[in-house]
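In what follows, subunit A forms one complex with subunit B and a second complex with subunit C.
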Partner chain A sequence: MSHKIIRAIYDDDDVLLKAVKEIRANGNNIEEIFTPFPVHGLDKAMGLKPTKLAILAFIYGLIGLAFAVWMMQYMMISDWPQNIGGKPSFSFVENMPAFVPVLFEMTVFFAAHLMVLTFYMRSKIWPFQVASNPDPRTTDDKFLMEVTLDGSAEDLTSFLKNTGATEITIVNNQ
Partner chain B sequence: MYQFSSKLKMFSIILMVVGLIGMAYGFFTVPKDAHAMEEILKEKHNAHDTHGTDSHAKVADNKTENHNGVDTAKAHKKHVEHVLMQYKNRPWSAIFINAFFFFMIGVMVLIFYAIQWVAEAGWSIVLFRVMEAITAYILPGSILLFIFLVLSGLHFNHIYVWMGEHAEHDAVIQAKKWWLNVPGFLIRSALYIIGYNVFRYFLVKNSLKLDNTKDYKTYIRNKNIAVGFVLFFAISELFLAFDWLMSLDPHWFSQLYSFYVLASMLVTAITVIAVITIYLKSRGYLPEVNSSHLHDLAKYMFGFSIFWTYFWFSQFMLQWYSHQPEETVYFVPRLLGTYQIPFIGMLVLNFVLPVLILMSNDFKRLNWFIMIAGISIIIGHYIDIFVLIAPATVGDNYGFGVIEIATIAFFLGLFIFVVFKALAKHNLQATGNPFMKESEIYHY
Partner chain C sequence: MSHYEAPIRNPLILGNKSYHDVSNDIARPIESKANKMWWIVFTISLIAFLWGIGAIAYTIGTGIGVWGLNNKINWAWDITNFVWWVGIGHAGTLISAVLLLFRQKWRMGINRSAEAMTIFAVFQAGLFPLIHMGRIWNGYWVMPIPNQLGTLWTNFNSPLLWDVFAISTYLSVSLVFWWTGLLPDFAMIRDRATKPFQKKIYSLLSFGWSGRAKDWQRFEEVSLVLAGLATPLVLSVHTIVSFDFATSVIPGWHSTVYPPYFVAGAVFSGFAMVLTLLIIMRKVSNLEAYITRDHIENMSKVILVTCWIVATAYLSEFFVGWYSGSSYEDFVYLSIGAASGPYWWAFWALLICNGMIPQLLWFKKIRRSFIWTFIIALFINIGMWFERFDIIVINLSRGHLPATWTRFEPTFVDIGIFIGTIGFFFVLFLLYARTFPVVAQAEIKSILKSSGDNHKRNTEKLSNLVKEKREASKD
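Presenting the complex of A and B:
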């Protein structure tokens, strides 16, 4: 269903942050904000839900740890038993201290890489993806806010102008 | 203004009195001579006969089998003397563990406090008076610790093997004599202790002066003193840990040791700041401290717990891997001997629990979670200091009885008394600090 949205451009992050609070207090719905850099506190001001990426990072870390345990057990103990530090016990538990660096690194590796991939998927950034950025200036020095238009266009336009918007356009969203 | 509640005051005085009585009992019940020691060993031998876990009984048995009568009697006498020494060390060792533990909490809070000054940190100003109060323990704590070290130097106890008579026949200790000798040891100890007390005096004095004058020059001067203290601390702590703790095992050495002690005591000190802050908040004081400040302290607790584990493991793994006899001697009683359970078990208290409890962003802001993790960290690092000291001083004859509990009671009582008395002396907020406003509105 198509509806109209207003694109307001701001040129300062502090003005933007203040505007977001005022617009939400006024009862308008902010759909999306494009910024050239992460604005501290913007997610809270917009009322976004906290990210679940942290929980995923923990799970990915556990997967990495489990994988490393299996890998070291297979490589160093069962497939090709090795004499570690002059202690040829061929037991995983007794040789565990030598494996701790590997276990740690694999945990970090899995957590970091899978978390980045998850972030890409979640943000719909993958190869050959066309940029969904409505205005290329938001990659330089401008902040663009998309507000749902439900009511008088003039009222909302003047209200946004009062909050510090420098440019306003009305577009059809599909 | 904070008022030292009479209940807490009573509690701390009772702790001290009970501790003193228990310590007197501990010294009184030490076996007097070789004869009394033999009786105890016999009893122990009989008690352990059924399950045969007593290593000393085993040693005695082996000797009976392998040697002729004269040698056995000689070896047995030597063994009894050795065990007697360890029994006599036990109350002294318990005092040293506590004197060191609580003194280092004060010192580590002071370095944490000084780092806030050096960094011109804004977030922590509302916690300054709590930190300053904890460092008040440095003066009484250092006096007690220095008396203990002087008594050790005068051979009232046999905590430091290299001070004793046996050291004369020990080539390794003789080679280290240029550093490990009693006068040098006491002079260095006095230097560390005087240094900490002097820096503490001026840092806190200037900070209190700021409240009245709000003079920017005083602020800059205190910042420069803090820079001096950080430098002094970096060097002194390095040698302090070598002198006081590592020389307990004079044959063994580890270059990581001082950093290990630093990590262990620093995380304890930050935890103590958090615990006292939460206590004061629960009594209605420190309204300026919000969940963001506690969040930051909890982050430090979390981070330094991992930092400590990193050192614990690094020190262990290299020596475990290379398997050199002079290095493994340190790990035999701890990893394989009678200290196995505290040595491995403290990893749960110091690493697993704090990391799992404090991992979540939200849990770091809940006072109860910080308290649970904090208690785990404090107990865990007490065990850590115990395992650093006890294997060298009391060996396999360690225990957790009257004397250990009594010394904890005495030093904890003294710590609470001194810290909360210092808290009650001044305004709970460092109102003169130029970053006070930033700290009050600090919000993460």
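Presenting the complex of A and C:
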């Protein structure tokens, strides 16, 4: 669906944060904000839902732990039990103390890598991905906000200017 | 706004920096040409690296008989260097993970380079077990994969296999942690690049990072959780490295104090290497505003704490060995026998470099001096190498049977491989210093208003003004 959006550029993170609150209070819809660094409190001000990546990391860790248990039970106990230094090779539980380091490492390995992969997939960042920030200055020192344009362009433009926007452009969003 | 930081804290970013100034400062080394000094150091490192490759090729072609190992001392420089490099590789994750959990803002000036150093150091460490295998082409046998030998699996009871898992998890998680943090900084370089080739390279490296609000929210969550995961990980890695020794029954090795003592020693040597590199880098890359005296002092304090943990372990090892009254304990690496035996020089090098010289850091003048901390850090690097050398060679040189008593002499191949890894390390670090954003500029920008010199001065002025007004209204 094609509609018009306004791109407003801000110079300062504090001005931006205040503007976000004013714009939302005014009933306008903020589609996206591009910032050069994490602005604390911006996600809450925009009304973004908290991310579930931490919970996912916990689940991934459990998967890693379960995988490590299965792997060592299969390799050391059931497939080819060997007498190594008299350690009990017939029972996973009795041999378990020697498995703790690998259990731990596999838990961390799965939790860390799968969480980061999920982050990359969800945020669509991977090699050969083309950057989509509309203005190259947003990775340097400018903050760009995209607001849906419904109603009068002049009204919204002057309202955004009042909130501290320094540059304003109107574009068609595809 | 919540940019307040107590005025008693010194600013972490010096000068009147704006966000754009930060970008300029971090991009400058990448966009400018390398100077003569860089090329000289790079060439020396490259020659050392090539010498190392030659020594490694000779080892692989002929066999590890070309090393100075013998029947009794069957581990020497190879594992000394391995443990030394892994230890050095501990500071990066400690700085980025543990200091993140403790909300230490000063980590932001140094974490990128410390992590880079970690990764490059672990590369060097990983080389040694591989070439020590002799038949390096069978190196994949350490992985638990189905193989041509029927269903013969790796031995999960062995600390050497735990090491494989620990080091590879550590390397890969550190790499991912580092790269994720690099994405916004690569994007900054990409968006200001003027040369098309440069733009292409940094577009590829930045994975198309655009800086959406949702991306940043996830980015911060991922950083925090990765820090939470990496903190126990970094402790586990050197714990497991110490198990290589502690689970054996060789006098001097079979010791329950090893895990915490090794971890503290690793942090000690890692911070020393970070100091060594950053004191030079801040000058060469003009980063004096971001890596300040306070950063150096903070790192010196960590070094002093870990120095005393290590020193306490030395003292307890020495005491327990002596108190046991066992004659075997009189030859272990921390004993009167070692102090007066053929390896007396290694014993004293350890105590002087690791125990005595770092005590200079108690003096505020010294730990705030760039040149003094640099020299002390060099001594610690040497001392920590000797610690591993002592643990391995002195302990192995005195077996239960006096007939097996022997000594270790390194050959030119041993020395060549060690010099080669130092060369390789510096080649990687020098290339990194010219092509990567060496300070986490996005994070620096996020603390600029609370810890930047100019902003702190403004807040102070403001609070003074408020105070004056209050007092004026009282009258």
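To be clear about the criterion, the second predicted complex is superposed on the first by the 164 of 174 C-alpha atoms of A that agree within 3 Å, B and C clash if a C-alpha of one lies under 4 Å from a C-alpha of the other, contacts with A are read in each partner's own complex, and residues count from 1 in each chain.
Everything that follows uses one rule, which is that contacts are C-beta pairs under 8 Å (C-beta built on N, C-alpha and C of every residue); 3 or more make two chains touch, one makes a residue touch a chain.
Keep in mind that what you see is a predicted model, and the values were worked out from it rather than measured.
**Student:** Please tell me which partner, subunit B or subunit C, touches more residues of subunit A.
**Tutor:** Counted on subunit A, the partner with more touching residues turns out to be C.
**Student:** After lining up the shared chain so the two structures overlap, which partner does A:Ala131 touch, if you call subunit B first and subunit C second: first, second, both or neither?
**Tutor:** Only subunit C; A:Ala131 stays clear of subunit B.
**Student:** Answer with first, second, both or neither: which of subunit B and subunit C does A:Ala54 touch in the superposed model?
**Tutor:** both
**Student:** Looking at the overlay, does A:Leu62 come into contact with subunit B only (first), subunit C only (second), both, or neither?
**Tutor:** It touches nothing on subunit B or subunit C.
**Student:** Which of the two partners, first being subunit B and second being subunit C, lies in contact with A:Phe37: first, second, both, or neither?
**Tutor:** Only subunit C is touched by A:Phe37; subunit B is not.
**Student:** For A:Lys87, using the defined touch cut-off, is the partner it touches subunit B, subunit C, both, or neither? Pick first, second, both or neither.
**Tutor:** both
**Student:** With the touch criterion stated at the top, can you tell me which subunit A residues are shared between the subunit B interface and the subunit C interface?
**Tutor:** The answer is residues 54, 84-85, 87, 98, 101 of subunit A.
**Student:** Quick one: in the complex, what on subunit B touches subunit A?
**Tutor:** Subunit B reaches subunit A through residues 313, 316-317, 320-323, 359-361.
**Student:** Can you list the residues on subunit A that touch subunit B in the complex?
**Tutor:** Going by the criterion above, the answer is residues 54, 58, 84-87, 97-98, 100-101.
**Student:** Would you tell me which residues of subunit C are touching subunit A in their complex?
**Tutor:** It is residues 1-3, 18-20, 23, 144, 151-159, 161-162, 165-166, 169, 172-173, 176-177, 180, 183-184, 187-188, 190-192, 203-204, 206-222, 224-226, 229-230, 232-233, 236, 240, 243, 441-443, 445-446, 449 of subunit C that touch subunit A.
**Student:** Under the definition above, what is the set of subunit A residues touching subunit C in their complex?
**Tutor:** Contacts found on subunit A: 13-14, 17, 32-43, 46, 48, 50-51, 53-54, 57, 61, 71-72, 75-76, 79-80, 82, 84-85, 87, 95, 98-99, 101-102, 104-106, 108-109, 111-113, 115-116, 119-120, 122-133, 136-141.
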